[in-house]
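Which chain is which? They are A, B, C and D, in the order written, and residues in each are numbered from 1.
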Amino acid sequence: MKGHSAPIKSVEFNADGRMLVSAADDKLVKIWSVEEMKFIQSFTGHQNWVKSAQFSSDSRMVASGSDDRTVRLWDVSHGGK
Amino acid sequence: MKGHSAPIKSVEFNADGRMLVSAADDKLVKIWSVEEMKFIQSFTGHQNWVKSAQFSSDSRMVASGSDDRTVRLWDVSHGGK
Amino acid sequence: MKGHSAPIKSVEFNADGRMLVSAADDKLVKIWSVEEMKFIQSFTGHQNWVKSAQFSSDSRMVASGSDDRTVRLWDVSHGGK
Amino acid sequence: MKGHSAPIKSVEFNADGRMLVSAADDKLVKIWSVEEMKFIQSFTGHQNWVKSAQFSSDSRMVASGSDDRTVRLWDVSHGGK
């Protein structure tokens, strides 16, 4: 699966293994569907490399930490695009 | 959510997804409330970059490891400030 | 256990602790049997250092992220070779 | 808690939160008691920086990955010294 324009620093499954979250040096956090093997959603906002991203245990949120010195929370529940 | 004055190396949820712990190059470990989306608590003591921080499964403690060569345990139960 | 030809960046157990997945700078993701303490399977395809690899909760898949800018999914169910 | 002679790269709790495992640039993997807040056990063998270490879900083993290109399994069950 393609999707980032820079090295990827972290990849993690959500609890039921149906989604992946990736964090990369292109400042993006991305969500992937495992079953369909395709890109679902991109979270833009970080101003620098993203080093770490993780789903909450209920898979409704993603938290990320970046070289831009911010911790961000993203709402996954809207899914799709 | 702002909160660190240097790149963030690690972000992790606690077991029920209500708190986050972040570790950063500003030598701090910070706790965040997910529901209120705000900063709760800062643990100071590390003398160098903090590379890793994690909640215990009961969310009462946080462990962190740093470039200062120490492993530290922090008591989360006092909450607040 | 030997097995990579370059520094290893990540090692993680699967849920029942019977397998390990390792990610390394030799562009490979490898699966190991904990009980037999031996190498099981190698996933080739990444074009650059692999920074992160993780089992899904049912241990049927492994996800990896690399400096080659791709997220990859690997099918563990075939086991063996 | 002191214990490593070089920067620490990873710290993780075991499943019940009673032990910690740390991986560091001093080539060592160390086990810590959370309750007693003291050092329990050191695993020596890696020939270079240890980047990652993790308990198995039953806490009987620790796996580690290093810049020495090896994945190693350590038996925690003997505890103590």
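Some points to look at:
Following the convention adopted for this analysis, contacts are C-beta pairs under 8 Å (C-beta built on N, C-alpha and C of every residue); 3 or more make two chains touch, one makes a residue touch a chain.
As the structure is a computational prediction, the values presented were derived from the model and not from experiment.
Shared contact partners of chain C and chain D do not exist in this assembly. Between chain A and chain D, the least number of touching-chain steps is 2. Centre-to-centre spacing of chain B and chain C amounts to 29 Å, using the average Cα coordinate of each chain. Taking each chain's centre as the average of its CA atoms, chain A and chain C sit 20 Å apart. For chain A, no residue reaches two or more other chains under the stated contact definition. Shown here, the protein chains touch around one cycle, each chain meeting exactly two partners. Chains that are in contact with each other form these pairs: A-B, A-C, B-D, C-D. Only residues 1-13, 15-17, 20, 22, 24, 30, 32, 34, 37 of chain B touch chain A when the two sit together in their complex. Within the complex, the chain C residues that touch chain A are 48-49, 51-58, 60-61, 63-73.
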